[in-house]
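Each remark here refers to the structure printed beneath this line.
Lettered A, B, C and D in written order, each chain numbered from 1.
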Amino acid sequence: MAESIDVRSRSAGDMREACGVFGCVSSGQSPGDLDVAHVITLGLTALQHRGQESVGMVTSNGKSPSQFFVHKAMGLVSHVVHEEHLAALRKGNLGIGHTRYATSGHSDLLNCQPFVVETIVGCIAVAHNGELVNAAKLRQKVLRHGVGLSTSSDSELITQLLALTPPEEEADGPNWVARIRNLMVKSLAAYSLLILHQDTIYAVRDPFGNRPLCIGKLHATASLHGQGVVDVKTEGWVVSSESCSFQSIGARFERELFPGEIVQITSTGYISLDVVPRPNDAPPAFCIFEYVYFARPDTIFEGQMVYTVRKRCGRQLALEWPVEADVVSTVPESATPAALGYAHQAGLPYVEVLCKNRYVGRTFIQPDKRHRQLSVAKKFGVLRDNFAGKRIVLVDDSIVRGTTISPIIRLLREAGAQEVHIRVASPPSPFPLLHGH
Amino acid sequence: MAESIDVRSRSAGDMREACGVFGCVSSGQSPGDLDVAHVITLGLTALQHRGQESVGMVTSNGKSPSQFFVHKAMGLVSHVVHEEHLAALRKGNLGIGHTRYATSGHSDLLNCQPFVVETIVGCIAVAHNGELVNAAKLRQKVLRHGVGLSTSSDSELITQLLALTPPEEEADGPNWVARIRNLMVKSLAAYSLLILHQDTIYAVRDPFGNRPLCIGKLHATASLHGQGVVDVKTEGWVVSSESCSFQSIGARFERELFPGEIVQITSTGYISLDVVPRPNDAPPAFCIFEYVYFARPDTIFEGQMVYTVRKRCGRQLALEWPVEADVVSTVPESATPAALGYAHQAGLPYVEVLCKNRYVGRTFIQPDKRHRQLSVAKKFGVLRDNFAGKRIVLVDDSIVRGTTISPIIRLLREAGAQEVHIRVASPPSPFPLLHGH
Amino acid sequence: MAESIDVRSRSAGDMREACGVFGCVSSGQSPGDLDVAHVITLGLTALQHRGQESVGMVTSNGKSPSQFFVHKAMGLVSHVVHEEHLAALRKGNLGIGHTRYATSGHSDLLNCQPFVVETIVGCIAVAHNGELVNAAKLRQKVLRHGVGLSTSSDSELITQLLALTPPEEEADGPNWVARIRNLMVKSLAAYSLLILHQDTIYAVRDPFGNRPLCIGKLHATASLHGQGVVDVKTEGWVVSSESCSFQSIGARFERELFPGEIVQITSTGYISLDVVPRPNDAPPAFCIFEYVYFARPDTIFEGQMVYTVRKRCGRQLALEWPVEADVVSTVPESATPAALGYAHQAGLPYVEVLCKNRYVGRTFIQPDKRHRQLSVAKKFGVLRDNFAGKRIVLVDDSIVRGTTISPIIRLLREAGAQEVHIRVASPPSPFPLLHGH
Amino acid sequence: MAESIDVRSRSAGDMREACGVFGCVSSGQSPGDLDVAHVITLGLTALQHRGQESVGMVTSNGKSPSQFFVHKAMGLVSHVVHEEHLAALRKGNLGIGHTRYATSGHSDLLNCQPFVVETIVGCIAVAHNGELVNAAKLRQKVLRHGVGLSTSSDSELITQLLALTPPEEEADGPNWVARIRNLMVKSLAAYSLLILHQDTIYAVRDPFGNRPLCIGKLHATASLHGQGVVDVKTEGWVVSSESCSFQSIGARFERELFPGEIVQITSTGYISLDVVPRPNDAPPAFCIFEYVYFARPDTIFEGQMVYTVRKRCGRQLALEWPVEADVVSTVPESATPAALGYAHQAGLPYVEVLCKNRYVGRTFIQPDKRHRQLSVAKKFGVLRDNFAGKRIVLVDDSIVRGTTISPIIRLLREAGAQEVHIRVASPPSPFPLLHGH
């Protein structure tokens, strides 16, 4: 049922999961104060580019013990979240959600997040983006403790690790911070987590800050005597993988979490509970692919708009790898900012040479008899007039999809391009990819 | 999607789950020797009366570590198990399956058995019929150990209890018998279990023998010189909630498990590993509702055909509760054997007074404006000619459906019955229903 | 998705379609006076045994020109007609419905009745049971007129024949009676029809009376001073393939249509418009299979309850074909009345020897390796205790399912029956099967 | 199930249907010579932008009388056309297909093209793009002839008009050209048609040439001694709404049909049968929205690439409506060529100011409590860095979506744009929109 995914996503498939997490807490105490279920739905829609396989949402009524309301389904938010599901979820006044990236194999509801478990200190729901670098070792640890694991996913492993009682710190009652710290110390990367418990969302970023996570504020507004819009009331708090999701719900960006930070979000606001350090003053390691592929261009990471970073890479590319050419173009569409940056820096005109068919879907039929060129021609139409007889600089965003680029070159050549020069925009990774994303 | 359930099933809904379990082990070592997936499909079809909500099947290739093949779906075997699913399951040469009874609430795939978990001593799949009497207490025990539980089902509880390492007995390697014994001692009733591990099925009946379980043998046959059919080879072994499933796969009934017995079934046959005793020489407590409702009439329990027991109840009823009447009839159709027994004993003619509409399904539309009588008239047609002007003895199988019987009486009276005498066939329970089924 | 059909239906599959038609007109003028959509739903549920493949309903708001509301779906009424569909259909205060029998090939929504067409004299919806004996010839006639036909079904042919203008009789405006008479003269058998037009249902039975059709009255009731229930108001009128459907909606049986009769039903009641005669005083030819298979036993045809006719056939069979035996039994379950009749006449005890698995469904997997006997053993369990060592008279309802009966005999013999004598209850057809049903 | 449609499509929804038609004939006589079903699947995939609601394909074995193979389904080609469907369709060696645009109301399989009907001169399948300007009048004509119409669609009307026998020209046998000419004279605009009959596809463009249609050739290729690719054999012929579909199947563009032309395509090639003239030398009237919205930018109409026409409109716009500004941008993404053209002509830098969320889907939840701005913010993210403090010329492709443009302006202003100047690229329509598209 999933939609025809663009090339960017597909190439990212060669890496591990992207996924998006989103949470919302109403500042009011009664369910009607803020339509939390609707806000989460909008938030996940804005994070849909991070995962189109499945969607899951859990809300809590915030009581002790709390009641959880769950909806999970395979597919896009706009296809599988309906009014009837929201009606049930609206009984909660805080909640978390997740969109999952399509990875091969385990494409079923069993693996759909958030994972909900009852533990000896209450029910929690957990949504995460990323993965545990030392999952195999932790898995053995959990199994040795006598726990049975029913999936191969990190999500289940994380919930079971959170369920294992920390030895000392719970003498005086449940201590989720201790449990979370415990997990973070056991696995230093590479994940962002949302944990829902009663009236609280715990937002967690791994000590290396590998995956993004940021906080926003929902505020009712009013227009005062023609003097524009002003804040009149804080309606609630949101937490999201990407700031791009704040626009569509009318939330204001507050700040990103620090690497290793544990933030507690309740109806009264958010506070930083702890920051788990990296060993030996190791530098943070934000995932470079977030800039190159995963993130939506209007998202802000480390104070910079992703689009601007991509454009700057294009400029730098023009400086480092100039070439005699007539036009600059892009492999649509994640490479477009870089191509525009390259064109600007090189003083060459930017043109479009390829148009994309968004409806291609999975190539279920193998093109046996007709030449292999066709599978690329199915995906891209050639805008001949824009480049016939010209020398093209074609900017792509990474070398991951090397298998695709050579038939594209052939396509352009056969359509009359005089020369095709490939330029790849992703900067050399500043840190080795220790963290397996 | 579920089927239009007959009244018997619906009344049983007032009690807890029935469910059916079925297992099969090929005596050959290669997958082609016996189509285990097909045998399990047929076996579950024959147990479909015990549960129509969902079906699940797991096969194992028998290796160490073994590979499991799983298919689970909501609905009837004949609707949701297709050739494509069998193709995958056929890679196994032993396996277990489960049909689940529709209970309110948790009607989703998450609760569909068999449950598969990885434990520190390997992967297991578990299918059970029944429930743990002390589930709440055991649940706390598991949670206290630091395990997170993601459903409220006994199935998950059982798998996690099996996963918890027994303290001493595994010094020399995995000891599933010790683990199973451990579980049985912790919970004495009321369940039958199948546990699939590598090349073995462990079949377990609780110490009180509350739920049924029996073993059969699959044998290839040949016709010899017109001298009839003879056994030429044992093809495999089967284990099932009810012996009625053996007929449709051409298996021969071997024996029922004893209360408390643990039987190990492999390609070489079955052996009894242990019998866990009841405390203080308490008597066994076979579930009376198995005789009254759950079982198919051709099934054999404790050496007696269920149909015959039901008929005998009818005879006894005629002796204990005679009445002046003209005809004896049944509320179709589980009460029919008792009605025939009553008629025979009382020397009265047996006639049919009601015919049943099998397509009624759930009464989703409330009969607001028309009188309530209609919901029964939707389910049963009246065979007027057979009873007009007569005094009817109407035999029903239990008083559970008390809400239904009075509109039936009114229906018959309005159609011309002179008198309607209700007789209920279920014998007074010989043991208090301690075991919660 | 359809349910596991009983043997009766399946054997009938060797013949052509059964199908059920049902119509309802409210005596009130406003939609709220009678829930016509609900009544039709209940009526079709009671006719479900005549066809399980698809269901269709069309209601009209009765205006001129009228608005039609349509719901059609594949599957059982209880599965595919939901509250949301009724909400739309409730805008009409009269309507017709259809349940369709599963025939091979054209199993799709395109063939689902009622067929709705716009004609030069207004919109009509048509539902029929049966078929046109001279369909091929009529088809050519319609095609020659320049009409394109998009299915091979008689339903489309009938609607197009009704749309063709009769030459003279419509000088003064639409004349549906003339159009219907025109159709009936063109095709004398074998069908019953319901035609919905504006505020009227035309109910039609072919001149040979081959297929059944009867009329009922819906009446609100009240209890007066303990003197029982009395009629207080006529709420509406219903028309149905079988009277069994009247019970479940609280309607009173009025009468069957005569062969060749055209009855007009409106909010004010029903009147007979015409009776089209048979040529040369040919006798009527009611379909014998309606008695043997198709009809529900509580239905009344020609003043007799179907069950009673079946029982009488059993008695006659005992007189004409007696045999030395110990017990009489049935192939469940349409043969049961005949078996009880046989047993009574022969003075032998009636017992059950087979119990049926209602969940068998279509045998999608061919039993390659195991003996063919199994496919019958899948469908029927053997009640051994009731016949071991005895001579059985086994009554079946027709020889159509000859392919099934021999493995049943073998099943019973292998289980210990001393002798098995087959008796077939369907009387020799009094007329050759000219009419193709 | 349909996909989240982009803004371009949605605005087009304010007009009538786009739809795409595609046909293919193998030059070989046996099914294996060319995988016609696969070619049609690829062709329809490339036309998916013209309609995402449903897809239909019909192939013919070319015999007399011929056998037709049909697959129709709701949804995208890549979702609902599977290998199993192709297997059946492959029995044909020519065929036609259709993708349907989502219009309100009649979204079901009944309206899914191609329409297949049997007529007195054989079976035909018809797929069309466009509509009959005088449909209401023609509808009355057909009804008056005694034909019943079961949908309100032009497709059924066209098939019935083709089925009505032309008075004289068929003395010597079927004359499809006369029938088609008959239809064209009755309705002069606005449609393109494909008609499949036995071994022939008739391709038809209305006399005003309102909708596009073009022909291509499939040719096997070989590489000769490093001298590049040469034609070795004609494999078949294709006909399509847009030339963009030829690239993905490796077909070569031959030519567009002339307005009013009837072309016959068989295994031996294509020939022009007739050109039906316009009355009084009226000029042709190609649909301007094909250039503005409907067509894929790489398609060629009237010898010009659609992209180039759009870009030229942008240049012209800059000449006619210049403005003092800092940057030029687009409402993604159909307006991008015009924006690039404007930027080039005006000598201003082109930047992106909005990024689009492709997963938005239908806004099923009304944004009651949060300001209406959000529904636009859901669809578009703001690329602030690219325009903060600047004066933007924002090029859109038409004024149809006037409801959307004002919240976009507000969005940009609130994000820091100093000025926002809207420029609409669609040229004033050179002909009044007589033809109702």
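The rule we apply is simple: a residue touches a chain if its C-beta (ideal position, glycine included) is under 8 Å from a C-beta of that chain, and two chains touch if they have at least 3 such contacts.
Being a predicted model, the structure only gives us computed values, none of them experimental.
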Between subunit A and subunit C, the fewest steps along chains that touch one another: 2
Chain of greatest Cα-centre distance to subunit D: B
Contact-richer chain pair (by C-beta pairs counted) among A-D and A-B: A-D
Computed distance of Cα centres, subunit B from subunit A, in Å: 46
Centroid distance [mean C-alpha coordinates] between subunit D and subunit A, Å: 35
Numbers and ranges of subunit B residues touching at least 2 other chains: none
Interchain contacts, given as pairs of chains that touch: A-B, A-D, B-C, C-D
In the complex with subunit C, residue positions of subunit D that touch it: 109-110, 115-120, 124, 140, 143-150, 159-160, 162-165
Touching residues on subunit D, where the partner in the complex is subunit A: 1, 3-4, 6, 35, 38, 41-42, 45-46, 48-49, 52, 76-79, 82-83, 86, 221, 244, 247-250, 296-298, 305, 307-308, 336-337, 340, 344, 349-352, 355, 357-362, 364-365, 369-371, 373-374, 377-378, 381-386
